[in-house]
Amino acid sequence: MTALATFKGGIHPPDKKDIAKGRAIKEAKSPQRVVIPLSQHLGAPCKPIVSIGQEVKKGEVLGEPGGFVSAPVHSSVSGKVIAIAEFPNAMGRMINSIVIENDGKEEWTSLKDNPDYIKLSSDELREKVKAAGIVGMGGAAFPTLVKLSPPKEKPIDTVILNGAECEPYLTADYRLMLEKSAEIVEGLKILMRILGVNKGFIGIENNKPDAIEKMKDAAKNEPNIEVCGLEVKYPQGAEKMLISALTGREVPPRGLPMDVRVVVQNVGTALAVYEAARYGKPLIERAVTVTGEGIKNPANLMVKIGTLISDIVEECGGFKDSAGKVVSGGPMMGFALSSLDVPVTKGTSGILVIPKEGFVHAEEYGPCIRCGRCIDICPMGLMPSMLSILSEKGHYEDAKEYNLFDCFECGSCAFVCPSKRPIVQLVRLAKSLVKP
Amino acid sequence: MEKLFELFIAAALINNFVFTRYLGLCIFFGVTKKMDTSIGMSITFTSVMVISAALNWIIYKFIMIPLGLGFLEIVIFIGVVAGFVQAADTIMKKVSPGLYFKLGIYLALITTNCIILAVPLLNVSEGYSFIESIFFSFGAGVGFSLAMIIMASIREKLELADVPKAFQGLPISFIVTGLIALAFMGFSGLITL
Amino acid sequence: MADLKKEHELIVSVSPHIRDEETTSRIMWTVNLSLLPAFFLGFYFFGLKALFVTALCIISSVLSEYFFQKAVKKKLTVNDGSAFLTGLLLGMNLPPSLWSFNPFTIHVPIIGSVIAVVITKQFFGGLGYNIFNPALIGRAFVLISFPKAMTIWTEPTAAFLALDAKTTATPLGILKEDGLAKLIEVFGDKINLYAELFNGHRAGSIGETSVLALLIGAGFLLYKRYITWHIPISFLGTVAALAWIFGGKSPETGKMLLFAGDPLIHLLSGGLMLGAFFMATDYVTCPSVRKGQIVFGIGCGALTMLIRIKGGYPEGVMFAILLMNCFVPLIDRAMKSDVFGAVKEKKK
Amino acid sequence: MSNAENKISYIGLVKNGIFSENPIFKVALSLCPAVAVTSGVKNGFMMGIAVLFVQIMVNITVSIVRKFIHPKVRIPSYMFIIATWVTVTDLSMAAFARDVYAQMGLYIKLIVAFAIILTRAELFASKQKVTPSFFDGLGVGAGFLFALVIIGFFRELLGKGSLWGYPIINTKPLLIMILPTGGFFAVGILMGLFNWIGIKFFGGGGASGGGH
Amino acid sequence: MKELIKITANLVIIFVAAGLVMASVFAKTAPIVKIKKEQEETQARKKMMPDADNIIEAGKWEPYGKKGKYFEGKKGEEIIGYLISTYGKGYSSYINILVSVGKDMKVKGIGILGHGETPGLGDEIEQDYFKKRFEAKSLEQLEVVKVEGTDKIQAISGATISSRAVTSGVRESVKLLKEKYSGVTK
């Protein structure tokens, strides 16, 4: 194949990765206190198992999973629990969280190296993933254990590592792939072993040739693992698009990857899996890109879960004179923050600071002129124009005829819309008002 | 054969009953708010149209003319239509309750539609033969159905439009009909009748 | 920490946080721009009166939009360029002879513009909601209302002040009335006929005559991806095919001769190029899914040729597009886009 | 109307028929003639008179015979009464108003299918004495007449430049107004105007959805 | 059963009463219609040929398969001209024409009896200025041209098809009359 693997539709936003691309991942300063939400994942929140005043070590379990689709949370610092109360998260919701005063000792619970991890049985490996509280680090924070325990009637034959990082600005996955290539490949091997499959892909967008080189190099002795360059196009990293690009299989509407015998994990997740399997290290830190035209010193940081975003902004030199918007995540799908006093969670991939003059105000929008741009680019093959009009006029039920619930809110449609219509917002409104 | 085809096309498109003869408007505006009702009405209407036109032709030719009762055409034609509709209603209810449930509701409306009466009257005044009457009435039915289906699809789209308040509902529907009629003028002159 | 926030009032809005630079008004003004070559050729061939007619249409369109929106207290959107575009297209679709001193018919462009903008567009809610192409409704309305004024064509004199140019027939008019042989005779020979049709030295509406200039504008729009090939190509393709199949006439009997037509003449004359590239492609009044657009284009082409060959009127593009406009909501209903994953599933 | 048993204001009935329950602009029944015969004031007027006549006669007849008619055959009987009066009108116009009849004979016959007439017979005349039924018929018929004349006025003036056949202006300002498009436009715009006046000055609602 | 009888009686009474009303109105109006129709027709003919004091039907023919008639116009015993009704295939309808032809087989005048052409375009054929164009035309001159100042028939601009229809209708009539009567005259 000469053409790069890709999918139908998609957009080409300016990628802006140069801002943070060259900055190697460095350990962020350990904050004075961390706020660790008991719900950082999709699914049931955790039950706290510590009490106020209790001393905890780094890596100690703070909350036990509250159900099958759930994952434990651990302390990312050593110190004393000073509060268990509701704190706002990045989306502005109040979440029960545990606040720990950092004593600065960085004292770990037990952490043993087990170089023979690859020989462990898949159940033992699963247990490690579970204990480490690993959730998807690509954004949705879905508990990884669930993905790794497919029901019997859904056999899996392929694992895909998602290194697309198609969101503009973000470079954390890119840096991880450059700096931890071997570990990521190991992580993939563990995932393949857990699922008992012998086909692994690593998909990387073609605007990161050095990462592709690096990963190819790291995987050169692994005949079962294929590193593929992908066309640069948003949302190449969405799992359905990625699966289609790499395997040609299309996940049916409202279906899951496992319906086409695939499991998709982010490269960061693979790294966490490796660290959990080898050292038993729980997921207490993650790579975060701090970037945007509005931040003084862009960086890629390894941040402890629970660190407040205000601390990180400060560490990166603060805002240039006119920060207008701070986004948790990427510019296409991230959430604009109303307050900087919210913690980094397992799903926080980036902090993007956009200066006031740097973005289009979307408050004023026009009527849909039916130009069809959104229809052309919707990766899910939907008709966003109709979804937005129906929702705007209150015909929420009718929106279902236009496959409302197949929209994964990638934002491509709103990006291209010449009328600047808030399509994603309208879609979310409709979704919240009707039953699937 | 060509004459029959021309009659059909003329009745359906060129002299479309709604857009150029202004007939059947009450039902046209009444049922086209929703696509489902328009389709139901289309099927029912076209069938009743053809059958009652045939009945009326036979009655006119073999009963009214010989007896010199031509002047009773209005009473007789409307009576035949009403009687046929009533019979269809009863039979359908017995034979196919499913179909009755779908289309039965439209039957009652048909008696007060002027096309159903205009077609037999035109058949008489133009002196069409039996076969010609059938083609003419079938064309009329198809043309009316086409008009209703186009209109329903447009009105469903208009639900989503910002029409000024005073024009919502019937006024804008009249204007749409006027615009369609303007477009249908493009068919004028295709056939000389 | 806290003072950081105070210093900077944070703006909260939903994703996506970056937007493409394309805007509605940029699209509309670009389409206006791409019509300029054709308009200038019309100006060149028909002189000052072409300019007057077009300017009158533009001014009345923009003013109609302005006053209507004022009257119903809506947001003013006149500078988005769509009313300007409607006016420009309407002007380019009118015969230049509307501005001559005898008969004095300047109310025609004004009435056309008011009908286009107020009734066809604003009554339906303004930009984006209309069912019919405003410029074409405007033209159809005045054609029916003022049939004489609208069917007087003048010779392309290429003289600036040609206010009283000689009246003549359009190529399609000659083709319909007197046949191909006469048309070739009028233009000298066949090659010359094609050449004149291509560069626009012929009678016709102000902006429809020069195929060359229209193609330049259309090429620009295609390059900018403001329009796609689907409608124009299916439209033109259908016209060419049907012209070839049904457009021929036996010189002796005058009866139709199958597979003997001249597709080029039908492609190059009338308002076909203007219609196919600039009017059938109006976003608001064409289907939005590509498959639907192809159906729409084929429908336009078939109706155009039906009217040109069988109908009583030499040109059919305007009525063809308007008739297909009626069917757009139906096409849209029938042809939704294919949801990712759904098609493959069915095929299995 | 709901307090039908009480004393009924006859003038109120007539006003009702012309304005708040205008058969065309408000109730939206029997729309065809509103477009079909209104290309001129004269035709509109004649049609209006024909409907007025039929409506009054039907109302009176129904009111007289209402006690004798068996409830099971009520509707067919009413239809028959209507058809009879339409035939009478039709035959009379054929004899005495030949030039008008030549242009709109078909539509006169179609009065029999106008739902408004049956509706009034069924809703009003079948429950009321003769005098109120007469005034109800007068009101509805006058409302009809009023609508047709207004529409005809605009269409003829704009489309032909004349009124009642007499030239007013010596051009045809907007020929299209006497064609189908113009007819639909005229009714649509007048209806919108009526609604607008209703909303603006009386705070009322718009026309109903249309029946038949 | 009793009810059934009641209903039947009910309907029968209504039918009979209504039938009587209609029949009596018909009986009154039918003769009037007949007389008026004849009057109108003779008047129309008379208008076309005011000199004649007697116009009698001389035969039937079938232009485009429709019914046409022709008449001899007499003053005293002498034939002073002919009237013929005919059709022409127009834009959207068959145009019904009445032609008055002199003994010299030249058109004396035409009248349009009925048509369904487009108002404003085709219906200009009813206008006097157009009808006048046929006066004193011989068979050879009955041909449509689109230029001014012709001795043939100048088309109405924008309605060439309707103009042609009328012209060809008139031409066919004159042809027919020539066939029938050229022996008699000359």
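To keep things simple, chains are lettered A, B, C, D and E as they appear, and every chain counts its residues starting from 1.
Simple rule for what comes next: a contact is a pair of C-beta atoms (placed from the backbone, for glycine too) under 8 Å apart; a residue touches a chain by one contact, two chains touch by 3 or more.
Bear in mind the structure is a predicted one, so any value in this text is a computation, not a measurement.
Student: Can you give the shortest number of steps from chain A to chain D, where adjacent chains in the path must touch?
Tutor: The distance in steps between these two chains is 2.
Student: Decide which interface, B-D or B-C, involves more C-beta pairs in contact, and give its chain pair.
Tutor: Between B-D and B-C, contacts are more numerous in B-D.
Student: Find me the chain with the mean Cα position closest to the mean of all the protein Cα atoms on display.
Tutor: Central by C-alpha mean position: chain C.
Student: Could you tell me which chain lies farthest from chain D when each chain's centre is the average position of its Cα atoms?
Tutor: Measuring from the centre of chain D, the most distant chain centre belongs to A.
Student: Taking mean CA positions as centres, which chain lies farthest from chain C?
Tutor: A
Student: Measuring from the mean C-alpha position of chain C to the mean C-alpha position of chain E, what distance in angstrom results?
Tutor: Whole-Å distance between the two chain centres: 44.
Student: Indicate the whole-number Å distance between the mean C-alpha point of chain A and the mean C-alpha point of chain B.
Tutor: 61
Student: Between chain B and chain E, what is the gap in Å from one C-alpha centre to the other?
Tutor: Averaging C-alpha atoms per chain gives centres 32 Å apart.
Student: When you check chain B against every other chain, which residues touch at least two of them?
Tutor: 71-72, 75, 160, 162, 164, 167, 172, 175, 179, 182, 185, 188-189
Student: Enumerate the residues of chain C that touch no fewer than two other chains.
Tutor: 119, 125-126, 129, 141, 144-145, 147, 312
Student: Which residues belonging to chain E are in contact with no fewer than two other chains?
Tutor: 18, 22, 26, 30, 91-92, 118, 120, 161
Student: Tell me the shape of the graph of touching chains, choosing from line, ring, star, complete and other.
Tutor: Its topology fits none of the listed shapes; call it other.
Student: Can you identify all of the chain pairs that touch?
Tutor: So, checking each combination of chains, I get A-B, A-C, B-C, B-D, B-E, C-D, C-E, D-E as the touching pairs.
Student: Which of the residues in chain C come into contact with chain D in the complex?
Tutor: Contact set of chain C toward chain D: 111, 119, 141, 144-147.
Student: Report the residues of chain E in contact with chain B in the complex, numbered from low to high.
Tutor: 18-19, 22, 26, 30, 89-94, 116, 118, 161
Student: Which residues of chain B touch chain C in the complex?
Tutor: 35, 149-150, 153-154, 156-158, 160-164, 167, 172, 175-176, 179-180, 182-190
Student: In the complex, go through chain B and note every residue touching chain E.
Tutor: Against chain E, chain B makes touches at 14, 71-72, 75, 188-189, 191-193.
Student: What residues of chain D sit close enough to touch chain B in their complex?
Tutor: Against chain B, the touching part of chain D is residues 28-32, 34-36, 76, 79-80, 83-84, 86-87, 90-91, 106, 109-110, 112-115, 118, 176, 179-185, 187-189, 191-193, 195-196, 199, 206-212.
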